[in-house]
Amino acid sequence: MITLTEAPFEPGALLTAFCVGRAETGAVASFVGLARAEQGQAAALELEAYPGFTDAAIQDFAEAAKARFSLHDYRIVHRTGHIAPGEAIVFVATAAGHRRAAFEACDFLMDWLKSRAPFWKKEHGPGGARWIEPTDRDRTDASRWDQE
Amino acid sequence: MITLTEAPFEPGALLTAFCVGRAETGAVASFVGLARAEQGQAAALELEAYPGFTDAAIQDFAEAAKARFSLHDYRIVHRTGHIAPGEAIVFVATAAGHRRAAFEACDFLMDWLKSRAPFWKKEHGPGGARWIEPTDRDRTDASRWDQE
Amino acid sequence: MARVLLFGRLADQAGWRDRAIEAMSLSALRAVIAGDDPDLAEALSGPGVQVAVDKTVVRGEAALLASTEVAFLPPMSGG
Amino acid sequence: MARVLLFGRLADQAGWRDRAIEAMSLSALRAVIAGDDPDLAEALSGPGVQVAVDKTVVRGEAALLASTEVAFLPPMSGG
């Protein structure tokens, strides 16, 4: 399931809900991306999505990941709008029979979400606001999966 | 922080507590290992630890991982005693500046916990109880880190 | 009347993010925008800007019906 | 009086997991156990069984003081 939300969300509550009733799931990997304060350099983060387009693109990618890694299930929640330092930006959880698949699928989903998902990101800092492009590190992380 | 507990625990509550107040932590990776029902083949799991020895060994290993991956923090909770299918056996969370370190450290800790940590595991199934040794897969996963 | 949506830096540049524009095709739409704001029209054709028609990315020309949604998407940053 | 702890299959085999045994050294302790339960003494010397004295793994001989804790650890399974 995929959710885009303008409201802050609580990763622990999502993990609790995701783990319930999984008698045959041995492994749940999860990831929480938090807005860093950057020692006051990043006052606030603004994330724009295109509702109906962004969530559909995430869903397509997540279903492909589910097939690739034989996942039992996944859960993705992504903030949009203004995000304060310390708040959660993204939560991804993956459920699988064994831990290797759960970890790799979670990592795979995060690399794509951080570098290629249809969001537009603006940082409001002391020097004003600027739109962000993916970092080289994000591109490298995401491209790790391309050769396989 | 490391906790061994005979009582069931709630992974989501641990994740919530772990994420609080992390203004400079960009990434929290976590893993929950759950007792599989194995279609009724595994009726219950029993895990024995040696208090004071098992937790000290985990702490030594986790501190080395913290240094190796430049972690901000980690949290490990491990069940002992009788564990019913669907219950959480282990929770590991890692906090780092960026996601690659958080994921790799969590994976690294889990590989060691599942294959080399000082626990003794017994499965109570329909055919009786048997003590478990690490699987070849566990040994392979853990040895991935040895060459580096 | 196509519904035109701008995202990211394109909306900042234009000063709007959602506008109804009368046009029968994408090229006609671009011409209308160019008459109103030449700098914006140039930005909409800039490197890495994708166009989605009713939430599907298209390349080249597309016919626009009434109530078609046209979105101009600058390079995506990831989340 | 050393306090002797058995774990995993060793405790199942012995039928006990915690017992006080009078012995001044590890080898003397093994001899006492062999006199009481030769099969157990053999298992305690079996492949992969480690010995911890006061929670530190030792190899070979060790002197035992009163209240020393001696644990016999069969191969660990991981969690």
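Points to keep in mind about this one:
In this document, chain identifiers A, B, C and D correspond to the written order of the chains, with residue numbering beginning at 1 in each.
Throughout what follows, contacts are C-beta pairs under 8 Å (C-beta built on N, C-alpha and C of every residue); 3 or more make two chains touch, one makes a residue touch a chain.
Predicted model only: the values in this text are computed from it and were never measured.
Listed here as common contacts of subunit B and subunit C: A. Taking the mean of the C-alpha atoms as each chain's centre, subunit B and subunit D sit 27 Å apart.
A straight line joining the Cα centres of subunit C and subunit D is 77 Å long. Chain centres here are Cα averages; for subunit A and subunit D they lie 50 Å apart.
Shown for subunit D are the residues in touch with two or more other chains, of which there are none. Annotation for subunit A: residues 33, 114 touch two or more other chains. Touching chain pairs in this entry, ordered by label, are A-B, A-C, B-D.
Within the complex, the subunit A residues that touch subunit B are 10-17, 19, 21-39, 85-86, 88, 97-100, 102-103, 106-107, 110, 114, 137, 141.
Across the complex, subunit D is touched by residues 33, 47-48, 50, 52-53, 56, 78, 89-90, 112-122, 131-134, 138 of subunit B. Subunit C contributes residues 5, 7-9, 12, 52, 55, 71, 73-79 to its touches with subunit A in the complex.
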